[in-house]
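As written, the chains take the letters A, B and C, and residue 1 is the first residue of each chain.
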Amino acid sequence: MSIKEWIIPQDKIFFDLFERLSETVVKGSNELVLLLDDYKDIKPKIQKIKDIEHEGDEIAHAIYEQLNVNFITPFEPQEISRLASALDDVLDFIDGTTRRMEHYGITETDVYMHELAQLIQLSAVELAEAVKHIRSIKDPRLIEDRCIEVNRLENVADEVLTQAITALFTTSDAMNIIKCKDVYDRLELATDKCEDAANVLSNIAIKHS
Amino acid sequence: MSIKEWIIPQDKIFFDLFERLSETVVKGSNELVLLLDDYKDIKPKIQKIKDIEHEGDEIAHAIYEQLNVNFITPFEPQEISRLASALDDVLDFIDGTTRRMEHYGITETDVYMHELAQLIQLSAVELAEAVKHIRSIKDPRLIEDRCIEVNRLENVADEVLTQAITALFTTSDAMNIIKCKDVYDRLELATDKCEDAANVLSNIAIKHS
Amino acid sequence: MSIKEWIIPQDKIFFDLFERLSETVVKGSNELVLLLDDYKDIKPKIQKIKDIEHEGDEIAHAIYEQLNVNFITPFEPQEISRLASALDDVLDFIDGTTRRMEHYGITETDVYMHELAQLIQLSAVELAEAVKHIRSIKDPRLIEDRCIEVNRLENVADEVLTQAITALFTTSDAMNIIKCKDVYDRLELATDKCEDAANVLSNIAIKHS
């Protein structure tokens, strides 16, 4: 067995885990959009998102554990842990937002929440595609184009947040403002974390091309 | 003098500093529980917590300084700095919460604040025990069991926060909601930081066993 | 060409970029003070700050890119990326605060906002001076004195925040409290990020002296 063959299986573990993690983020963002599209009978839907977040946690944990035992990693350990934690954070913010919506007793959603959720979903799909391409980087543009798109989506999310906050503060129900401001901010933070993940992926593409 | 003897004293500095830091976190959490148990004449009690936080800052700073001058460290520099900053953050959140309680003019505490403070205290005691065992890792289970317990306590804190927020948003005093939401969130963040510290300790146990 | 000559140009890039970044932070803090001093016709002024923030983003991005391609760096990669991100964060908080002021429909400023803005400006000037001295560290005290001053300014900002929050919570307009609390907190976070930058600079001075 050549050294190369001996190394590859270890790399494979990381690629497999990152694909599973990014697909879990897609799954979580899909459930978020479904919840907001039909905001009724919310308890089981929010529980489903919580379960997906838990799944993501386990995969991220497996990645950290691999970092502890594997001395040969496909990328720098810091890149691996930053990517794992950014993807995990996206799920945390999705889960955190929906749980707060339940605890705040929010009974209906608005157009800004919908748009932010869709932007998270679009970003998650781009990230999952980019992650697929890091397994063997032949054409770094395939990764970089996805990352540029995630950055663009984050800018759109920022613009939606601006509109949402501006509209919210023309109203005068302090209770409602407290609730919605928190929900908007958390959703936008999810897109920030998508951007973080994209930045790591873009770095990986540049260095390993 | 053997190389080993020459190395040990440097290790000793880190272990000593981490024991002092984790005991300072225990001290801070004890004062937090005492303050909330008898929330009267609060100014000197909050000042005492501020002083303990300052003590923690100094110890954390000493750890970072040792990292700058010592090329041989018992664990990876990144683990050392993550552990120091997580423990320091626990004290920051304890201090920050009690100062905000003063500035917000909060005049009485509630059962959720008490429970969260007790969970911080229990976590701090577990962390201090785990830190004692990193000096010479004979049985990693002794560390890991403590870390598992800190993770469990963080889940309980999350559940208490859920109950606290849900109860709070059934009330209608916006001013009180702003204040209490902030206090609950900060207390829960302290338990998150305990979990961070536990995760580093658990990693150390796995790698150095 | 000696190895030393070959190395220096790479170092030069980092020093040039950090000087540009820290001067951009000074520029952003100047505009913040100007905005708060004459809080009228705010849209173009806030746009100007947004443009400066964007400039800072580009410089920080150039620093990260240099880290990816340069194997020889004047300081440790982690120090470089922590310093770049702390300086970038100062601009983010300046920009974020002023945009929120606009979106919240805030129509007038107060003495606390003024004081916090001035403390950010003073800190930015100190940081820019410290950054100038890392190019060739002859006397580390020249850097350390600036960093000590930034730490002092952060403590003053903390005190101003205490007064601001305490005064705010003696009022009873929940809407106004939500808005101002957020603005105060964001301004104070800018001074925290100045302190972060100062701590990295201070570490660099100690190690490379």
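Methods note: a residue touches a chain if its C-beta (ideal position, glycine included) is under 8 Å from a C-beta of that chain, and two chains touch if they have at least 3 such contacts.
The model shown is predicted, which means the values in this text are computed figures rather than measured ones.
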* Note whether the interface between subunit A and subunit B is symmetric in residue numbering, meaning over half of all numbers used appear on both sides, and answer same or different. => different
* Structure fact -> subunit B turns onto subunit C (C-alpha superposition, degrees, nearest 5) by 120
* Can you give the whole-Å distance between the Cα centres of subunit A and subunit B? -> 28
* Asked: Using the touch rule from the top of the page, what residues of subunit B touch 2 or more other chains?
  -> 174, 178
* Asked: So in the complex, which bits of subunit B are touching subunit C?
  -> 64-65, 68, 99-100, 102-105, 174-175, 178-179
* Structure fact -> The answer for subunit A against subunit C in the complex is residues 162, 165-166, 169-170, 172, 174, 177-178, 181, 203, 206-207
